[in-house]
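So, here's a batch of structures to check.
In the two complexes that follow, subunit A is the common piece, with subunit B as its partner first and subunit C second.
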Partner chain A sequence: MAAVPETIVFVAAPPRQGLWSKAFHKFCRDRAGLVGLWVVLLYAIVALGVWLGFWAGDWADVTGPKWGPVSAQHWFGTNLIGQDIFARALYSTRTAFELGLVVAVLSTFVGAVFGAFAGFFSGGWIDELVLWFMGVIDSIPFYLLVAAIAFSLGDSPYAMYIAMIATFWVGTSRLVRGEVIKLKEFEFVEAAHAIGLSELAIIFRHILPNTFHILLVQATITFVAAIKSEVILSFLGIGIQDGMSWGLMIAESTIEVLAGFFNNFIAASLLMFGLVMAFNMFSDALQDALDPRSVR
Partner chain B sequence: MTRPVLEVRDLAVEFDTENGRVRAVNNVSFSVNAGEVVGLVGESGCGKTVTGLSLLGLVPSPPGEVVNGEILLDGHDLLKLNEVGMRKIRGGEVSMIFQEPMTALNPVLTVGYQMTEVLRLHKSLSKRQARNAAIEMLGIVGIPVPSKRIDEYPHEMSGGMRQRVMIAMALSCGPKLLIADEPTTALDVTTQAQVLDEIVRLQHQFEMAVILITHDLGVVAQTCQRALVMYCGELVEAAPIDSLFASPRHPYTQGLIRSIPRIREHKIDRLPVIEGMVPDIAALPEGCHFADRCNRVQADCHERSPVLTPSAEAGAVACWHPLEPQHD
Partner chain C sequence: MWRLIAIVTLSALLLACSASDDAGNNKADIKDQKVFRYAMSGSPTSLDPVQSGNVYANVIVSNVFDTLYNYKYLARPPELKPGLAEAMPEVSDDGLVYTIPLKQGVLFADDPAFPDGKGREVTAEDFVYSIKRHFDPAARPQGAWLWQDRIKGLDEWKAAGSDYSVDVEGVRALDRYTVRIELTRPYPQLLYTLAMGFSAVVPVEAVEAYGREFGIRPVGSGAFRLESFNTAKAVLVPNSNYRDEPFSLSAEGYDPATQAYTRVAELEGLSPPFLDRLEIDFIQEGSALWSSFTKGNEVQMASLPDEQVKFVLDSTRPVILKPEFAAKYQLATGPEAGFVYSNFNLDFPEMGYNPDPERNARNKALRCAVIRSFDWPARNDSFYMGLGQVFPGVIPPGVPEFDEEMPRDSVTRDVVYAKQLLADNGWTADNLPTLVYGTVAGVKSRLFFEQFRAFLKDIGYPSEKVVLKRYATFGDIVRAWSRSELPFVSKGWGLDYPDAENTLQLFYGPNASPGSNDANYANPKYDALFEQAATMAPSDERTAIYRRMNQMLVDDCVAVTGLTRMRITLWHNNVIAVPDSSIVGGGFLRYVDVD
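And now, the complex of A and B:
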């Protein structure tokens, strides 16, 4: 029995460079990503301000003449019945964020849980069931599904939310499933078994945290997808039911464009374009930063 | 010292493969006494790891299945326990160290989280108590400044340190039996020696039994009191270390020992090897599985399978024509 020699040299710990701090540094070097992040934050502040009632509270009031021009009082002019387009566009930012956040968080959560179970029990009946379920959802055209859900819920304002969550989790789930199939062969999973953890604890405490980078990126992608889909759905009349959104503004503008008045259309499109573009840049940079293989 | 902590009787494990059902472990019986380090030696694929995993009920199933035998831990048959009962044993009374310290720790969780998890699971300690116990354990396995190191992630540690963390984790609940599956194979030689010393020291300190699974006879000679030699899923020889190395009885054991390079003894031009290949366990030959490679083979070897029979000394050998014991 030899004592451990005192001379074992443990080099002082290198500066803490975990996956996240490394990703953070990589992200900070990504110009486009940073710009994207700042723009997204700006939108978030606008949305938060609307939510807190700081501005755009008068989005539904008639405050000017029909089709008023751009002026100091009405920055983007007024619409068909004299409502301020700028206020409506700002208010729509809140709608977009609400929708994006709720759909991104919930569909990522659902996707993570289903994907983790399917992956962990891959080849078993749970996996078969989840895969079958995903196949079914994939095979229904998205807009048809929304219309069907909206119809069955009796034009509930949540129909669109439910339809989006029911559809968007599938992509996340497939990715998580694949990752979990890979991860569950790692020795740390066997080691977790060997210390007597239950399968649930292994899935949720040991495997899912290892897919967090995928979940984060998927959530940002879903966020953008939700906002874009909202515009189309609202335009078709099966989206936002009460309140205001960019989609509804564009729907409104169809009459106006014919009359040669483009303010409503341009305001909604530009604001949506700005957010989607910024979010995509952010999401792209995030993906690069979290990818351990990309060296930059 | 003589009370067996673990007694394995007639263990058999089968796997479903593309070529049909294959018996990876057959008729394995052995016992391990308290405070004893037993080496389980054999080449890759001989069933060492499967034997180790079956002791914890961790044989991947499907495709694997323990088809026969008894595994008695302090007299209680582990194979009769259900999954929930087995979970209490794992990490508590029997724990395991794995080969790859690089991948056996979860990369996204801190060392502290992973260590306190075991303690809280089996000893129902509070968070604070578990943390203190974990820090103490890390100190015992020789990690400097454990109160700081505990909050680190596995990738911030070296291989040797990670293996120490694994050992600390395995020992933290005071197991009766530790199964170490190639604990040093992935480490370099200096670290290997330190970790082995550590295991032996802790084995004394905690008075537990250790099964050391390895393909490295040098490691066995350094650490174990007794060794079990496996070939093609069966035990071919069991003997105390001294007699095993001084006078192996089974020709396979002899071949293994001869093939260790020695630097201090007479120089030879070529290292002796065991001729031939390990047979495919899906198509094992009749009789003794080693017969085709054996230099002492006789006609009856191909007809009847030898069984492990205790010899005059402390050991046991499964061979029809074993080597004569040599006395110095």
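And now, the complex of A and C:
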């Protein structure tokens, strides 16, 4: 047995950090991102409480006088027909979360699938077709397209959801396509080819999981975009039909601000501002954390 | 190359200079003119009298065309006076034959449709032609219901193919200036129909020359001529051929006690129209219209929006302007000629007529409970400044047959009674039917719905069973009503004439969908009374019949009714005007003057 000099010290190699654990640590160091996350979670709890019927169940009831002032009973006063504005604003949080989640998840999914196919078969007819389709959707002004889809679907309560999913997937798809074009040249994909995996298996089992960091960031961006779009569409009268939303409250305020009554406007704007701001901070932090080039 | 560029640039500069010079001249011209800018909350789709089914079209039609009769400008309540007619008609003793002399020398406005572009004289044949058009499907008419089955031979003429060369027994030109109308049965409202835009007189030459474009290029013999028309604005200028008819305060029903402040007395003896230019803007948003009105140099007359009341008025009962507004604006108030209400569509077996007698009775109890849940004072306060007049039944305060003594149970909220009614008839939250509430997309309409749903919740009607159905446009929802697609119809009705027959016909069986009876109310006793009263001249006996019919509607719980809105109209101090009471609106515009 060979003697080992005393001067040689065996140092344990630092544990290898994966993308996700690195991102987690980076995210935890981002204060603004953490604040954003907590605020978003608070909104989520409010939305969940509305959904479970813990609060804001009386959003549609007439509980006070016309344009009642701020009081202990009505924290934001009452509207034209005497409904509690605070309850309506809280209920709208649920609407925003429902819409944001559904649109973010589905449009990200659609964008990922189309983007992956286009990227994997780049240069081929599938890529051409997907690119052409994305170009067509991109060439139509967004709100015009959403309004057209919402109108063509008539009074379906899901018209706005469908309209947004049909337009929001394009951005995600473009990003995923670019990432897949890069990934498909990597050795692990070549290896997968070499062992005879089918193309579908390669796309869904090996390539797409490597785009999850992009999808996550895109989903948060889409979430915010969906909430903002809903507000604009509801304001224009082609958004939420049955229910309440911040957009509808702001639309309501158009007949109230001239009378010097701003409660609907302030309540909806504040709550929407809080959520959108928090989500943006969270989304930025997440993007930084998941960006391999980021050195923070 | 450089020379070419220089020439092009120079030409463009010269063109721009001359264009701006033209525009400057135009502006200067208009500045020297008497211009009145009026606004309406909607735009007409056609200005052809046969298609003037809505108030917006009627405002323009009544100024571009002539009708045989008009409403007196200043008389309140409204009274008819001869328009194109020389005098009130001679009516036969049996009330079936009307002989109407026409004014001589009345000319259509000059238009390229006439030989040499000169408007020719209006004759009795023109009136006959204009009425016939309502029975010609090719003209896509909307007003045939006024004379259907009432004027001899018209329906047969239509059935035979609407051949204009064939005479109709019931509407004839006895000579160049005399019209004779023969009825199948007495029709006391006939004269009112001859004051509506539907009966306006059109020249055959223009109708044939322009075809469907006649709807946007109307040619008539009214006080004004249409200069331009699009979806945002209509511009009218005086018809240079308009007859000289000096304005007479006594003939127009002037009341110095209530109207002296408007300065209309200054117009005595002058011949209308007094304006050089009448601009009518179509502004849907009340707040936008108000902004334009208060700007000072735009719209000169506007209704006061609800949200401005506390800034503009010192008091609402009586309506008094704050001093700073009183210094700038004139004011007129008065109830609208019409009302707002909702009716059940009895075609729907869930809440209407049901083949099962027991369910039928339960449905009636359900409707009655819904009616008693409705809080009219709250509706009035929320949307009508609390100034609307709530009344039971469908005979509104604007007609002479209105009954102030009618019991007010149907407009008095009683939640306990309504709940009891539901319980007694076996209605529970589980078995109550879904009530679909249709409305046009819009903030206020949505709040109407939400308030109604909240009223129903108070009597135990689950909110998830009161469902909103949105329609993009008013036209869409009107189509849904006429196709009997909605179980609950919420709307307003503007009177075509000051006679309760005009509202009672809304529930007359033969007028069922697609007619005006979108409640599809079918009550043989009601129909028999309607037919009996239809041939009667105004009298106490007829009023009694009207009131019995009104009570039937209340007893059968057919409609949640009703409220007549208060109109508060303001106009700039430099305008001499008295806004009309909205029956056949727009007639007052020919008498408007501007300092």
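Everything that follows uses one rule, which is that the second predicted complex is superposed on the first by the 280 of 296 C-alpha atoms of A that agree within 3 Å, B and C clash if a C-alpha of one lies under 4 Å from a C-alpha of the other, contacts with A are read in each partner's own complex, and residues count from 1 in each chain.
Simple rule for what comes next: a contact is a pair of C-beta atoms (placed from the backbone, for glycine too) under 8 Å apart; a residue touches a chain by one contact, two chains touch by 3 or more.
On a predicted model such as this, the values are computed, not experimentally measured, just so you know.
Contacts of A:Asp61 after superposition: subunit C is touched, whereas subunit B is not reached. Shared-chain residue A:Asp84: touches no atom of subunit B or subunit C. In the superposition on chain A, contact of A:Phe186 is made with subunit B only, not with subunit C.
By the touch criterion defined above, A:Asp288 reaches neither subunit B nor subunit C.
Once the two complexes are overlaid on the shared chain, A:Glu98 sits clear of subunit B and of subunit C alike. When the shared chain is aligned, subunit B comes close enough to touch A:Ala194, but subunit C does not. Within the complex formed with subunit C, the residues of subunit A that make contact are 60-62, 66, 79-83, 151, 155, 237-238, 241-242, 248, 251-252, 254-256, 258-261.
For subunit A in complex with subunit B, the touching residues are 1-5, 8, 10-11, 13-14, 16-19, 186-188, 190-198, 205-206, 209-210, 212.
Within the complex, the subunit C residues that touch subunit A are 286-287, 290, 305-311, 378, 381-383, 441-444, 446-447, 450-451, 453-455, 457, 463, 467-470, 472.
By the touch rule above, subunit B contacts subunit A in their complex via residues 56, 58, 86-92, 95-96, 98-100, 103-109, 117-118, 121-122, 142-144, 149, 152-153, 155-156, 158, 161, 166, 169, 194, 197-198, 200-201, 204.
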